[in-house]
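Which chain is which? They are A, B, C and D, in the order written, and residues in each are numbered from 1.
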Amino acid sequence: MDLEFEKEIVEVERRIAELNRLNADPKANFDAEIAELTKKLEALRRSVYAGLSPWQTVQIARHKDRPLLQDYIAGMFREFIELHGDRCYADDRGIIGGFARLDKRRVMLIGHQKGRTVEENIKANFGMANPDGYRKALRLMKLAEKYGLPVVTLIDTPGAYPGMEAEARGQAEAIARNLTEMSALEVPVVAVITGEGGSGGAIGIGVGDAVLMLSNAIYSVISPEGCASILWRDGSQAPRAAEALKLTAPSLLELGIIDEIVPEPPGGAHRDHKAVMAALRDALLRHLRALASLSPRKLVERRYEKYTRMGRRDARAERRARRHEKR
Amino acid sequence: MGWFNLKSQSERRQVEREDLWTVCPGCKAHVFREEWSKGLNVCPKCGFHDRITFQQRIDLLIDGGTFDELNAHIGTSDPLRFSDAKGPYAEKSAAAQKETGMREAVVTGRGRIHGTPVVVAIMDFRFLGGSLGSGTGEKILLSAEYALKHRLPCVIVSASGGARMHEGILSLMQMAKTCAGLSRLHRAGVPYISILTHPTTGGVSASYAMVGDVNIAEPGVMIGFAGRRVIEQTIKQKLPDDFQTAEYLLAHGFIDCIAKRAEMKDLLHRILAYWNRK
Amino acid sequence: MDLEFEKEIVEVERRIAELNRLNADPKANFDAEIAELTKKLEALRRSVYAGLSPWQTVQIARHKDRPLLQDYIAGMFREFIELHGDRCYADDRGIIGGFARLDKRRVMLIGHQKGRTVEENIKANFGMANPDGYRKALRLMKLAEKYGLPVVTLIDTPGAYPGMEAEARGQAEAIARNLTEMSALEVPVVAVITGEGGSGGAIGIGVGDAVLMLSNAIYSVISPEGCASILWRDGSQAPRAAEALKLTAPSLLELGIIDEIVPEPPGGAHRDHKAVMAALRDALLRHLRALASLSPRKLVERRYEKYTRMGRRDARAERRARRHEKR
Amino acid sequence: MGWFNLKSQSERRQVEREDLWTVCPGCKAHVFREEWSKGLNVCPKCGFHDRITFQQRIDLLIDGGTFDELNAHIGTSDPLRFSDAKGPYAEKSAAAQKETGMREAVVTGRGRIHGTPVVVAIMDFRFLGGSLGSGTGEKILLSAEYALKHRLPCVIVSASGGARMHEGILSLMQMAKTCAGLSRLHRAGVPYISILTHPTTGGVSASYAMVGDVNIAEPGVMIGFAGRRVIEQTIKQKLPDDFQTAEYLLAHGFIDCIAKRAEMKDLLHRILAYWNRK
């Protein structure tokens, strides 16, 4: 299922692949055509991706070929020792975590797990964690605190699971508890929104000293569809809602919600896992290095200042947003 | 007597009735408006605890003449310049302000509960469904900071449909912001009592409303993270009747006690007496 | 269902009641007979209860008319504000707790709940708590720590519930966690074994700066029946096992496990709730007063020393036990 | 050849067989004793991780020549002068000491894991079913205290049927005693890794075995609080086959990872590398 606005890109990609196939014949020589098309493709990717609407970004952020937690674990980290369970009820598969090595830095890695196949997705509950997942995350953060390890969270969820059992076991309590505890965690926390940053389910592991965001990720208080069906009484108005919600990385940077945008390659993260992982690795290491020099006390103070400033009346964030509007 | 006359007579009766009577949202019983108000908006037939205004709540919980409002100047902000099918958020919030006389969905201040000084934050559902906007979060945070500075117990009365979409991500951030404030309060050993009233859902239930030292709910009120309809669509089955009621949450371990409106003040006072301030 | 060794007592009680009934007739006068029988009854109670075997004590400790948690709450405490739930899964009814006032002292009261009727017992699961009960207890202890309140626990359980769900939700983890946290709780903890102190289910809320025990209560690593069926391969050897396990208050005092025996009236706590409550109230207040003067640091140090000394080779407790043997 | 001759021949063959073969307690397969030992008592057919001795465990986990035993002098005590149908506990424990060469159900010491110094406590089920006696508890506690004093990670390998009834209430107290030691370790930020082997039940599962920073189990092993039979009698229904297995506990949130015997040392080493000792 290709995206509408990617059609032209996909067509050129298809032609290049075709020519490459023909080129395998020693008698053929399509080198010139391939070179030209490749140039064209790059220009096309740049121009399409430079002009994405918020709603198109939503679709990229949810793209099935986008790197998932398991891809980052395999491609970006040098080791992963998964630690299971919340020591209370279950080992949720919507959020997983464990010890991991990023280059030479050791971290506690926690992230939402989505699947690529239907089976994987059912197991991971489509990245929608249960309260047990948030409680496991908190347990691992507390372990990281004991071991003096920085925490890295990778966020990619449509939201916390809205199920009956999830309510019965306290989805609200689990998220509220995490927000409360993360605000005072005495080790560095770097959160990365890699795909969908879906509301409470995202911020439930998303309170960070540094919050990074891939350039085509989204982060929102509600899905555009949900917002549209409530405020426009018409789910098909999702593109307008996406626009209004300011859920793209540049808007969120302006609003002071995120600290840095990690650029995806032209054509999006789903076209080049390696490139986006290289960029993310560099950004993560840079932030981890900087945060490592701060004392636990200082870290907690800074994090408190950071979050309590958000949405403060007459605060910088609001002024910034207005400046952005005027442009 | 013509048909039109009959109609207008019946219409008139209905208007009179609406003036004199209130229909209980719980059991649909008709109750004399006077009785309804005297009963603190609690249905005398089914015990449903209907919404009350912040002023009624203050009168109910805080000793007369002791309430001093704090941060009254803080109102709504419109960081996204948000506009939807019904028009700009700015107009919507201005209308809410005019209608309620409030500048945000919460009123905060200090006062006394049977003589015990406390900081109190009271949400009012009339103001944009008690939604959690930046101003709401700011006032909650400042209440927690005031409580910390003066070592006073903090009491928050929640009534909210959840996050305020019109403020987008900044609304979501209020969850982290308010919890950060309460986390400091907790670490300093200062009490925080959460009172959950009808309804307390979404982002408010998933932040400050749920992390009280003691969580007290009014009977029968709705408390939950996700909406009932969303859940039914997700799991494709009907939910039990008592799902997401205060009683359901108590049985599942998230609410410490359920107290009737008329008994709430005494209970608060008795609980706060257990804190040995050092 | 009267106990065999109480038969004579019950018979005299019955006769006194009968005479009192007849005495209601203004023409009758049995005052002298009643006085004599009352004297006899008292002597009988004293002699029977002075010579109870451990197995007889087990039966007294389990007596259905013995005061239960709800009786202490109603009869000994001046206020009780029950606090429900573990903030995770459930509000267990096998352990309940809340704010309570003992005379003028404010405490966090936590205890096992048994029922007297079948309905009550089903609701309270016969005093056998689930993991949620132990987690609720811990939550309330942590709240007590925050509020600077001493904790009083009343122990009366056959043991933690051995059910499938209880295992699935981590009965072992819940008890282990409580032992770990209680050892470092920064407020005074006074534990009272009021009836059955059943193994892990008892110590799960039983780590105290002072551990008191009613004179006819029992406290054991395993029920005499269980021990007999394992070590004697014959459940009917329970009386011998009860003897061997040293589960009575005097033995446990000698072994250094408990700090004080709270005397029940002759005839046992089930014959006079008021008397045993008066004695327990006095003992509790005395210990709470003494512990209130200790700093949190000192409290935790003392508690650590107390528990780490237990069963220490060449420790005082063992020497004491040997001295007791020689008598 | 008479009947008696046949019989004695078959008997002889069986003895030879018992010498050469081991029967797997998991799948009842016959495995060459040599293969069985070489495979670290793990069944090559079904993967069952059978019990091993403390010495085998030391060889498995600790770098050769680095193990220094601590508190070897601590043995059993008999505070109750306990005696049951089979005679005095004192005789029973003396026999166990003679049979195993151990003085208690646990051996403790310091050693290195791929060079990383650790304190280790290793239970051996052969010694009175790995039961938790006062001496066991004492050695566990002293291990934790040694680890705290020298800021060394503490590793405890559990294998136990539970409390040691013959020491009565003092056995129960070892649960509180060992947890008190581990609580101090935890507060000081020193790692404690718990390894659960077959079986880890009763009082040991309800104390130190369950409160590791990381709880690692060998595959398929039995872990639980109450015994299977007791539970079946209580709930009056059959339990699922995988009940109380390592895999069951992992799915229910109580075990961090499951590691095969041969991989345990490497895993331990890798985990301990994540501790930033300050």
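Throughout what follows, a residue touches a chain if its C-beta (ideal position, glycine included) is under 8 Å from a C-beta of that chain, and two chains touch if they have at least 3 such contacts.
Source: prediction; values computed, not measured.
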Both-way neighbours, i.e. chains that touch subunit C and touch subunit A:
B, D
Shortest hop count from subunit B to subunit C along touching chains?
1
Between A-D and A-B, which chain pair is linked by the larger number of C-beta contacts?
A-B
Could you tell me the distance, in whole angstrom, between the mean C-alpha positions of subunit B and subunit D?
55
Approximate Å spacing (C-alpha centroids) for the pair subunit A, subunit D:
43
From the mean C-alpha coordinate of subunit C to that of subunit D, what's the distance rounded to whole Å?
33
Where subunit D touches two or more other chains simultaneously, the residues are 186, 252-254
Going by the touch rule set out above, which residues of subunit A reach two or more other chains?
87-89, 169-170, 173, 177
Touch graph of the chains shown: is it line, ring, star, complete or other?
other
Run through the chains and report each pair that touches.
A-B, A-C, A-D, B-C, C-D
Write out the stretch or stretches of subunit C touching subunit A in their complex.
87-89, 135, 169-170, 173, 177
Of all residues in subunit A, those that touch subunit B in their complex
160-164, 166-173, 175-177, 179-184, 199-200, 203-204, 206-207, 219-222, 227, 230-234, 237, 241, 244-247, 252, 255, 257, 303-304, 307-308, 310-313, 317-318, 321, 325
Using the touch rule from the top, collect the residues of subunit D that touch subunit A in their complex.
186, 189, 191, 213-214, 250-257, 267, 270-271, 273-276, 278
Residues on subunit C engaged by subunit B in the complex (per definition of touch)
79, 81-91, 99, 106, 132, 136, 143, 146-149
In the complex formed with subunit A, which residues of subunit B make contact?
74-75, 77, 79-86, 133-135, 137-138, 141, 163, 165-177, 179-184, 186-187, 202-203, 205-211, 223-227, 230-231, 234-235, 237, 239, 243-244, 248, 252-254
